[in-house]
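This report concerns only the one structure given below.
In order of appearance the chains are A, B, C and D, and numbering begins at 1 in each one.
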Amino acid sequence: MNREELARRILELVTEIAPDVDAATVIPGIDFRDQFDFDSMDTLNFAIALHRELGVEVPEADYAKLASLDKCVGYLSPRLN
Amino acid sequence: MSGVPASITRERGLHLLHEMLRIRQFEDRCAELYGAGHIRGFLHLCDGEEAIAVGAMQVLGSGDAVVSTYREHGHALARGIAMGPLMAELFGKRTGCSGGRGGSMHIFDAATRFYGGNGIVGGGLPLAVGLALAEKLHGSRNLAACFFGEGAAAEGEFHESMNLAALWKLPVLFLCENNLYAMGTALARSESQTDIQAKAAAYGVRATAVDGMDVFAVEAAVRGAADHARAGRGPALLELRTYRLRAHSMFDAQLYRDKAEVEEWRKRGPLTTLTTALKAAGLMTEEDFQRLLRMANEEVKAAVQLATDAEWEPVADLARHVYAEGVSS
Amino acid sequence: MLSEFRLPALGADMDDGTILEWHIVPGASVKRGDVVAVVETDKGAIDVEIFMDGIVREIVVAPGTRIPVGTVVALIETEDAAAAPVATLAGESGGEGLTPAAAPAPAEEGRREGGSTAAPSDRLKISPAARRRARALDVDVAALHGTGPGGAITVEDVEQARAAPKPSPTPPPPPPPAGAGEGGGMRDAIAAAMSRSKREIPHYYLSTTVDVTATTEWLTAHNAAVPVTQRLLFAALLVKSIALACRELPGFSGFHREGRYEDSPAVHVGVAVALRGGGLVAPAIMDTADKPLTTLMDDFRALVTRARAGRLRASELAAPTIILTSLGEASVDAVFPIIQPPQVAIVGAGAIAERPWVVDGKVVPRQLLTLSLGADHRVTDGRLGAQFLARIAARLLEPASL
Amino acid sequence: MTGPARITYREAVKQSIREALQADARVFLMGEDVGKYGGCFAVSKGLLDEFGEERIRDTPLSESTFVGAGIGAALAGMRPIVEVMTVNFSLLALDQIVNTAATLCHMSGGQFPVPVVIRMATGAGRQLAAQHSHSLEAWYAHVPGLRVVEPATIDDARGMLRAALACPDPVIIFEPISLYNLEGELTEAAAQVRLDGARVHRVGHDVTLVTYGASLWRCTAAADVLAADGIDAEIVDLRSLRPLDDATILASVRKTRRAVIVDEGWRSGSLAAEIGLRIVEQGFYDLDAPVARVCAEEVPIPYPKHLEDAALPAPERIVAAVRRLFSDAQ
């Protein structure tokens, strides 16, 4: 799965968890927490969604590596291919 | 009537006549009270059929069960229901034998095991079968006597009841009062087989036809049938041929029969028949007849007074007895 | 004696009749049972009997005229009173005097067969329960947006207009109202609830700092050992601890209404959930004390998800018997929240942070959490409040037993 | 009463009949094919050998008369259990049930109560087509003088007959055909089963499903689907269809403020219609949405399975009805 496809899938999952977030306005470099109050509950739901959709098990220690769209793509793409 | 049987004493003859006179005078007063508005709803009088009620009731014991139809005043009086409570019931008063709630077609009396009239033609037949079933299961010698008109022979319940009673050998007396007319329809226009007796044969039920106008013949036939049933040999049917001298009910223009036929049967009515026979046998005089008539009229007069003075049931009790009260099962 | 002979009632449904012919003439003698006339009825011609003996004095009604039952049709000279006819029911005589007043035909509603709601009217559509609740909470329904069937205003709409209070006295800078989605309506509701709470409830406040290092270590180990779907958040441990403390100490989980306090047998801990568009709700995790952590966590997650999607039930909002408001994420050390009436207590939790702490006489870095309690002085006092906080802390330090 | 065991609804009914026969000599079972054949739904299999022909009485196909006979025997001191194979055939005995059993006590001024128990199988679900799939409880529940009950659980199937036989009034017990094979736990509670009163089968907070008989299990299926959607349904099992337990129904509706009545009868003149109006009469100011009903389609129940299923109040239709009470947006 190439990086653009991965980014699109990730945004899909984020907006599923936070229905009131408009995917188009998400800035890849800024942490979700700062853009739209993405809290620990959202992060847990995000981790569960990643496991369900992409089959990746993200340990709690790595949550920080999922803080923004860019960090997610960087963390996930080696684990998927 | 061929004549008074030898076994009949003067006292016995007068008793039977008095019983029939009580019924006739009661019915006569009912007709008047209906016209005056005191009795309402449906009213079916049994003038002409008194000998069946009186003859049959001489045979039934207090332990036997009686099921009647909507033409039931004669059965009720002959069975021993007092005239006062009966008239109060026709007035719809609280002290009526059914609490005023049943009226003419729904007379009930637990003391005499009188399980009611029934507004539904043939409705009582299965009831009698059940009452007899219980007696059989209790192992008693009691029986269930069920009066019904020949019109009921067209109802499914007649055939079902005859079959079930015969199948289980239940002590039921099927007493068919054949007065030739089912409401406004002559028997010949409603039954392919007008001989009611022949219908009983189809179920292997013992059956005989009887002159319903002859109180002695009725008593003898019912006694024979009762002995058969009490001995456990199963049900019996009696076709009691009779004729009702009044209309089917109070609002009947009697277009279905002509006046001459009525007058012909009036001459052969049960009271005339018995009086003539008793006088011929020297067992009774005209004074006896007048005395019995006055006694009957006095009793009817007192009953009407009691019914007139009786109270209505308070509306507050309307829902009482919808379900049983204070009855442990 | 002169007796009246009236037209008799001859049937249950006979109100009147017409005399076709008379069989008697004045001067003729009659006796009981004689047929004296023939009357035409709906059912045909019927013979009419007379029930007295006597001499006919006068025929009052001639044949051919239709007369109601009970009308005097002839006068009979009778010998003695004995044979007097039975007095007919004056006035009633068969035909009921009371002809039923012609009841106006019920207006045939234009209802569709099987249609469940009447034709839409322009009147405000509001459910009966919502109307009653709006009166109770003095909410003006006209301004509300209905989410019920057909856009009807429901209790939920009314109550959300009076939603849970903003927990902290120093709320984060509220987004500009214009931009906020539903901030406006909810903002007013929060304002109303908070001012009422401040006006009516004499709050007292307590706080305590708890060394939760062991608990956070237990949590990290637990989450590492279970599949992702069964991971727990610290808040879940806190909610359970509060619920168990409520179960042990009365006076914190219940309602103060109409001047008196009722302890609630069931403990439903409400969890304050910040909505991204601004505003805040506190739906309850039902029967919190009875639920194992995994179930509790599932409910918690479902609640937050549905809260954010605006699909909470009115019952979930009305159910809380006590509320937890946690601002750990907003890195605030301590929270001193306002009680949501008619509840009588609210617990606040600040951020868990590594700070110096004295252990066995030495100062060491530990994971510390500041718990605070706002409680209603009409129901409990500081001594009991302190015990309550202590119970929560004690439970929190034995996560395995939660 | 043995400890909790798993038995079928059919077995529970049979145990209740056997217990009744053992406990009271006045009791006897009467009906079509109850003896030699062991019961059209095998409920009385084995009872003939155990109790003999006098107390397990096969009858001719004469519903009016053997039901009338049951009434007569009850009048004369017996405690008959009359089995009308199904409610469909009871139409032939309606006159005896309505004009005699239900009416006698009142019409005789209290002289003749009628302590008869009449059991009838009811309902659709076995592709028996229109004449054998009726659900006419509403007809009987309409008649003052009758008590009408419909056990939907194993405990009730086990316990209701005893309560019915102890009642001095005529009791109609409906047994849903589709439940005879239902398996479940028989508990101690069966010994204390009462004839009246509804029971909250599932506690919930957002909507009340009022139902009875086979529809109880359609409601539990619907409740599971609704739970995933965050709607917590409370289910009230009526148990008694006459008298209705208004108190329990209203207590639930006052809590949830939404009511859906699920009834396998046809909507017009149904029990659901009666219950719906009672809710509006007594709980109007507690309602947050119109009272809804989910009933059988108003058609003779068709033979083919897919049509029969479409005609009956299936869980999906219950879920849809509940959702409509929350918002059109849902």
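The working rule: a residue touches a chain if its C-beta (ideal position, glycine included) is under 8 Å from a C-beta of that chain, and two chains touch if they have at least 3 such contacts.
Please read all numbers here as calculations on a predicted model, not as lab measurements.
The greater number of contacting C-beta pairs, out of the two interfaces B-C and B-D, is seen for B-D. With centres defined as mean CA coordinates, chain D is found 55 Å away from chain A.
In terms of their C-alpha centroids, the spacing between chain B and chain C amounts to 60 Å. Between the CA-based centres of chain B and chain D the separation comes to 41 Å, rounded to the whole angstrom. The geometric centre of chain A is 95 Å away from that of chain B, both derived from CA atoms.
All chain pairs that count as touching, in label order, are A-C, B-C, B-D, C-D. The touching residues of chain B, when paired with chain D in their complex, are 65, 96-102, 106, 108-110, 115-116, 118-120, 123, 125-135, 137-138, 144, 156-157, 160-161, 163-164, 167-168, 319-325, 327-329.
Of all residues in chain C, only 6, 8-14, 33, 41, 43-46, 49, 51, 69-70, 85-89, 92-94 touch chain B in the complex they form. If you check the complex, the residues on chain C that touch chain A are 181, 220, 223-224, 227-229, 231, 233-235, 274, 276-277, 300-301, 304-305, 308-309, 328-329.
Considering their complex, residues 28, 31-38, 40-42, 247, 249-253, 255, 304 of chain B touch chain C. Those residues of chain A whose C-beta lies close enough to touch chain C in the complex are 17-21, 33, 36-37, 39-41, 44-45, 47-48, 51, 57-60.
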